[in-house]
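These are the structures, in structure tokens.
In the two assemblies presented below, chain A is common to both, partnered first by chain B and then by chain C.
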Partner chain A sequence: MSAPLLEVEGLRVQFGSSGGALTVVDDVGFSVEAGKTLGLVGESGCGKTVTALAVMGLLPPKASRVQARRLRFDGRDLTALSRAERRQLRGDAMAMVFQEPMTSLNPAYTVGNQIAETVQAHRSSDRRSAWKRAVEVLELVGIPDAAGRARDYPHAFSGGMRQRVMIAMALANEPRILIADEPTTALDVTVQAEILDLMRSLQQELGMAMVFVTHDLGVVADICHDVAVLYAGQVVEHAGVDHLFSAPAHPYTAGLLASMPQATPAGRPLAIIPGEVPRPEDQPPACRFAPRCPHVQARCEAALVPLYRAGAASSRCVRVGELPLRGVVSTVDDRSPRQRPSPLDLPHRAPLLEVRGLSKSFPVQRGVLRRTVGRVQAVDGIDLDIGAGETLGLVGESGSGKSTVARLILRLVEPSAGSVRLNGQPIHSLAAAPLRQARRQMQIVFQDPYSSLDPRATVGATVAEPLLVHEDLSSAEREERVIELLGRVGLGRHCLDRYPHEFSGGQRQRIAVARALALEPQLVVCDEPVSSLDVSTQSQVINLLMRLQRELGLSYLFIAHDLSVVRHISDRIAVMYLGRIVEVGDAEEVYLRPTHPYTQALLSAIPLPDPGAQRRRRRTVLRGDPPSPLQPPPGCRFHTRCPHVMDICRTADPVAVTTPGGSTVACHLATADAIPAGAAVEAQSSG
Partner chain B sequence: MTSIRETAAPPIEAIAPYEPGGVSVAPFRRFGQRFLANRSAFIALGFLVVLVAVAILAPWLTPEDPSRQHLTRINEGPSRDFWLGTDDLGRDILSRIVIGTRVSMRVALQVVLVATVAAVPLGLLAGYFGRWADAVLMRVMDALFTVPPLILALAVASLLGPSLNNAAFAIAVVFVPGFVRVIRAQVLAIREETFIEASRSIGTGPVRIIARHVLPNVASPLIVQVALGFGYALLAEAGLSFLGLGAQSPDTSWGLMLRGAYDFILEEPWPLIPPGVAIVIAVLVFNLVGDGLRDSLGRETVTLGLER
Partner chain C sequence: MLAFFVRRLLLLTPLLILISFGVVALVLLIPGDPARQLAGIDAPQAEVTAIREQYELDEPLLVQYGRWLGGAVRGDLGSSIFQDRPVVTELGDRLPVTLSLAVGALAVMLLIGVPAGILAGTRPGSLLDRLITVFTSLSLALPPFWVAMVLVVLFAVTWRVVPAIGYVRFTDSPVDWATHLYLPWFALGLGGSATLARQVRGSLVDVLEQDYIRTADAKGLPPRRIIGKHALKNAAIAPLTVLGIQFAYLLGGTVIIEQIFSLGGVGQYFFVALVNRDLPVIRGVVVVVALTFITLNLVVDVLYTYLNPKVRLG
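On to the complex of A and B.
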């Protein structure tokens, strides 16, 4: 066993002036060996990124103070190095990849130029050889036609490709350690799967150490060897990945694992960690997790808690070893029956929402005269039904048109073609005044609770707005209703006069839900309501939505890119690709027996929160990025990335057919399903 | 096997509703704290208070009747009798500066008020509704932008006669396009915010959306623009009065005082200095306050700037 390449012990980072210094990272320690990957996991505000930046020496020296009992890289004491020496290390032996590939590259220079610059900053090489190295690393990260693409500017690359470029840049000087800060968080799952595969294979090839900062336990299970779990600026658990997932030693880790949607049978309330991560200024004095811990005892709040050794792991918990903490048991094969049948299965029930042939194309305008040079077909003839009290999940990657569908149904955007009926009433053709009336029946909860609430309006005013518009109430009656609504979403009456900035993301999303419920709508469209929230907060909001549905008989259109969340809450799931619905069916059917190759790929791209299962599983990895909706491919739109592509897919649009499992699928393979697979290939090759 | 779910996590129903702790921090209070932390803006604000007080109390503050002429003591420097000296007609410069403060401030206020009242609805209209309303309005504004304030003031003066009110009107007209642009740009950004879409999805009508959601969010940059506008208006008034298109004798304003002193610039330069310094200080005060407002009127967000 080799000596660790990076050793961190007792790392403490403070921000602000000496008088009001805020300790953001406190007593963090970990080590990484060459060829190994350490995961730094935790929710936002726990100090993951600050730790990574402190190790890199990238924190602003004036505003921050970094101390460490030990901060050694390759035997050298990093704290003893001058700023110039730290800079020498950065981009050379220590490299970093950031979260946002869209803003991490300078749009004014070609990517080859930017990589060559990194090379020249550290190697005394001339421009030609630096450029050659740039092309080499671009090839290494799997960019086709690297020599030509090196001359392209960043805007010519998609998000996934840019992240490859960022990785190439980090690798240009053959670093011994690569620190990656949420490198796949901004990417779609299928692209994320590719990038994770790439990083794993590069690590094996180059033998470097990696520190992987992420909030996604699935990603940890996929790529990490060791894991340090951060909570409120401290490492609360440090263990090998298999050990961590099978036998967590800290209640926070166990809570995170339990709140993953996969850990609970679909339709049941998710496990939650009550409360929120404390802010650095109001850290609990002893065990920082104590206020949220289900196993808390008096001694937890008595004294500072050190890291205890517990077998192969270490845990910052005084009750370590005595707690019955449960790890993840892979529940992918959980075939527990649905709790209730889909309302649409009941005969003679007209659906609440009927969408037929709904389409939307946006003009693409160029130049000074804003000439229309093309049209983006964002949504292309989709049909959907939602029954009363039913949840339809709508999944797809970014650019698939999910959010446009939400806006079309609510008629926040005018459809180009097709019809939307709510209770038989044609929403798409209503005049302004009746449309405003019809809006009572359908409400929306948006993705980003930070921008969906007016920063200048109090919470009370925000929740009261629908009542003010639609109902003739006295102000006392209105206030009473608002308090009742806030109570429904778990917020007290003192929230009334507060402003949105005083609330956390999860609480803001509750406020948005309260506003959506004010008029007692029948349909609530949830447009990625939990994707900007942390795992523990996410499960709180999902539980809330499911409880409200039970209590009020709501119907949901639940839009998300995370299939495991959608499966958990939905009765049926519709999968979208490039403006079309490729598969609709019962949630369990779609999740467990996906028929369309795209659904299969989407499912296999989700990293499982179970390292063993993740390693055993065979993945359908999609090659390349989704095509531009500006020029959708002819025939089946998925054929450019489909692993099972046939000749017919390139020319003919597949007709939707019903599978034996009851799903509706638009795929030529499903059409040919009656014929045995071998015969299908023969028929295709002879035809 | 017991599941952790039943033992560990209480269902959400069992949790008491969240009540925020501490004192509510209204957006305005945070603004006040931030503004007061800005030293130069704070000092400028002190000066501004003095200026406003002088303008309001001017008739009671003048040591002399500002129009009284001491023809034997013209163009004198500072002395015990006349703290800031006398002008070419032997009038007390200090008294005239004090009265001039009132005139200059009044004109600046008139200009900014007229321009704001005209520009706010136009900017909201152009920004929120867009399309043809925007196209027509903004072309008209572009046309107004091309008119130099001086030429417009000359035209107004020749039509209506030179007077302080006419000068104020001319300056206000020139100010409108700038204000409209600031408001429109802000409205264009606000219009795309999700909370506007949220209001539309509720069924809120455009008038209410503009009044309740757009206007309050446009207010901050507008306030900054208004503060800076005061300085420019003051400067423009001084310029027009200097050219004889603004305040008319025997009234006075700082610009007019410069005009009078300008004729004797070679023989007696002293009378130029007090009105010049007064103009510089007043404009500087407005600009510093404006900058301070810009820095402290931000969106209300709580971030430590650490993690997303």
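On to the complex of A and C.
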């Protein structure tokens, strides 16, 4: 066993002036060896990013105070180094990749320039050799035509490609350690799978150590060797990845593992961790997790809790060893009978929502006179049905047209062609007044609860607004209704006069749900409602949506890119690719026996929250980005990325057919009924 | 890039036509009989008639405009009513004076505003930042004519380091040209430098919060390079817009400053013409100033494409 490359012990980070200093990170310790990857895991607000920035020396020197009993890199005491000496390490022996590839590159310079600059900052190389190195690392991270692309500006790259550029930049000087802060969180699962593979292979090639900051336990299982779980600024558990997933030693770790959608059979309420991460200013004095812990005892709240050794792991829990904590149960019974039959299975019942041939194209304007030179076919002739009380999940990569479908159904944008019928009423052709009436029946919950609530309206006013528009109620009646609605989503009447900024993301999403429910709609379109939430909060909101559906008989169109969440909540799943639906069917069927190669690829890209299963499984990794919807490929639109592409796919558009499992699939393989047996992907580990 | 340029130029043509038409239509704003007003209250009827005929004031507006435009495209903007000198000749003499003044004032704006903005923007909340804020507030509050007079009193009258008034052509003596213009430059540019400093500061504070600045820091670049290369180019976009607008104020400001320092520039010419209702001069000056302003905005737009590579696609 070699000596650790990076050792951190007793790291403490404070923000603000000495008088009112907030301790954001407190007593954090871990170590990483060369060639190994350490995961820093936890919900937002737990101090993961601050820890990473502190190690890099990137926290603002005036506003923050970093102390550590031990902070050593490669045998050097980082706390003893001057700022100039830290700077010499940064970008050279220690490199960092950030979460947001869209904003982390300077828009005003070419990517080649920005990489070459890193080289020149640390090596006495001339412009030409620095540029050569830039092209070299761009090739290394798999940018096609690297020499030409080096001259492009960041805006000419997709999110995934920009993250590759960021990685190339970090690798330019062959760092000994790479710190990656949620490098794949902003990316699609398919792109995430590519980036994770890339980072793993680069690590093997270069023998560097990695610190991987993430909230996604699937990613941890996929790429990390060791894991430090952070909660409220402290490390609460430190263990090897297999050990952590199979036998968590801290209730918080167990709670995180249990709240993953894969851990609960579809349709049942997800396990949750009640409450939220405390803010640094109101940290519980003893065990910080005690208020949310299901195993709490009086002694937990009595004194500060040190990190106890527990076999190969360490845990900050006074009851360590005595708790029956469950790890990942990889034998979730996927084939359990459905909770209820799909309403569409019942014969002779017209669906609540009927979408036929729905299309939307946007003009593209170019040139001196802004002529329309082409059209982007965002949605291209899709058919959908949603029954009363049913949830249809809609999945696909970004740019596939999911959100446009949501807007078209509500007629927030005008369709170019096709029909949308709600209860037989033609939404697509209604005049303004009847449309307004019809909108009572269909409401929407948006992705970002931070921008979808008016920051200057109280919660009461926000929830009351639909009632003001549509109902003729006295103000007392209205207030009563609003209180009732807030109660339904688990918020008390004391919220009425508060403003959105006083609430957390999960609470805001509850407010948005209450607003959507105000008019007792039949259909609620949820456009990525939990994508911006942490795992435990996400589970709370999903459980809420499922309970409301049971109580009120709602129908959902549930749009998300996270297939495991979609599978959990949906009766049926539709998969979109470049404006078309390529597969639609019963949720379990689509999830367990995907027929379309694209669905298979999407599923295999989701990292399983089980390190063993994740290592064993074979992945269908899609290469490259989806083609531009401006010039969709002829024939099957997926053929440019399909691992099973045949000659016919390049010319003929596949016709939708019904599979033996009852799904509808648009793929030539399904038509020929000749899917190679090896292509079926293990969607779920078989234990 | 070429398409971008061509489109901008095409957009300029209707703008110029609109402005020049407005300028010719100015005659409508003169209350009562324009010819009588131009000739003066006490002028005999014959003179009024002569003026009306000379300037074709009884013809329809469109005919007047057509005639004016016909002359303008051939480089003939008519002659002053009072001095009987062609407007074009006069402008040819005076434009260098005004441009010397305006460009110099612009330089003062940049030389004071940009460094002050950078100093303040890189250390927000510091003592220096607060001092610069005091300076900018003060500079904005002081009217240029007052600054000009204080400067004259101090530098020209009390200490006698520079001349108080007058203009020497650059081709005659560059040194005298500069010494005569120091005070006007400063008087005219001070207010703009304060606005600019504020813009640069605000813009820089925003940009320094951006993710790509953290990236640059993570690369191990020294602060000087992070600010000089990564922050300033992005922070320049908003101040550049202000600069374009500031130049218009600058041109307006020359009218007063040229009076105070007895500079025979376009501003003074325009001032006299306004007082005398010298219609051809007013028309000529407004069109020339508009043209200068439009050209400047075109330059600003081209600079945008340098600062923001995305604009190049447009």
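Heads up, the rule we're going with is that the second predicted complex is superposed on the first by the 665 of 687 C-alpha atoms of A that agree within 3 Å, B and C clash if a C-alpha of one lies under 4 Å from a C-alpha of the other, contacts with A are read in each partner's own complex, and residues count from 1 in each chain.
Methods note: a contact is a pair of C-beta atoms (placed from the backbone, for glycine too) under 8 Å apart; a residue touches a chain by one contact, two chains touch by 3 or more.
Since we're looking at a predicted model, the values are computed, not measured.
Based on the superposition on chain A, does the combination of chain B and chain C result in a clash or a fit?
Fit - chain B and chain C, as placed by superposing on chain A, sit side by side.
Tell me the contact category for A:V227 with respect to chain B and chain C: first, second, both or neither.
In the superposition, A:V227 touches no partner, neither chain B nor chain C.
Once chain A of both complexes is superposed, is A:Y153 in touch with chain B (first), chain C (second), both, or neither?
second
Thinking of the overlay built on chain A, is A:L325 touched by chain B (first), by chain C (second), by both, or by neither?
First partner only.
Is A:A209 in contact with chain B, with chain C, with both, or with neither (first, second, both, neither)?
The answer is neither, since A:A209 touches no partner chain.
Classify the contacts of A:H122 with the two partner chains as first (chain B alone), second (chain C alone), both, or neither.
In the superposition, A:H122 touches chain C alone.
Could you tell me if A:F15 is touching chain B, chain C, both of them or neither one (first, second, both, neither)?
first
How many degrees, to the nearest 10, separate the directions from chain A's C-alpha centre towards those of chain B and chain C?
About 30 degrees between chain B and chain C, seen from chain A.
Given the touch rule stated above, what does A:G487 touch, chain B (first), chain C (second), both, or neither?
First partner only, chain B.
Of the two partner chains, chain B (first) and chain C (second), which one does A:A239 touch, if any: first, second, both, or neither?
Neither partner.
Which partner, once the models are overlaid, touches more of chain A's residues, chain C or chain B?
The larger set of chain A residues in touch belongs to B.
Taking the superposition on A as described, I'd like to know which of chain B and chain C A:V535 touches: first, second, both or neither.
Neither partner.
In whole Å, what is the nearest CA distance you get between chain B and chain C after the fit?
Shortest inter-chain C-alpha distance (chain B to chain C): 5 Å.
From the superposed pair, tell me which chain A residues show up as contacts to chain B and also as contacts to chain C.
Common interface on chain A, chain B vs chain C: nothing in common.
Show which residues of chain A lie in contact with chain B when the two form their complex.
Contact set of chain A toward chain B: 15, 22, 24, 44-50, 99, 251, 254-255, 258-259, 263-264, 269, 271-274, 279-280, 294-295, 324-326, 407, 410, 412, 435-437, 439-440, 443-444, 446, 448, 450-457, 461, 465-466, 469-470, 486-487, 490-495, 497-503, 507, 512, 515, 519, 540, 543-544, 547.
Tell me, which parts of chain B touch chain A in their complex?
2-5, 7-13, 15-20, 24-27, 193-195, 197-205, 208, 212-213, 216-217, 219, 299-302, 304, 306-308
What does chain C use to touch chain A in their complex?
The contact residues of chain C facing chain A are 3, 6-7, 10, 210-212, 214-222, 225, 229-230, 233-234, 307-310.
Inside the complex, what are the residues of chain A that reach chain C?
It comes out as residues 56, 58, 87-92, 95-96, 98, 100, 103-109, 117-118, 121-122, 153, 155, 166, 169-170, 367-369.
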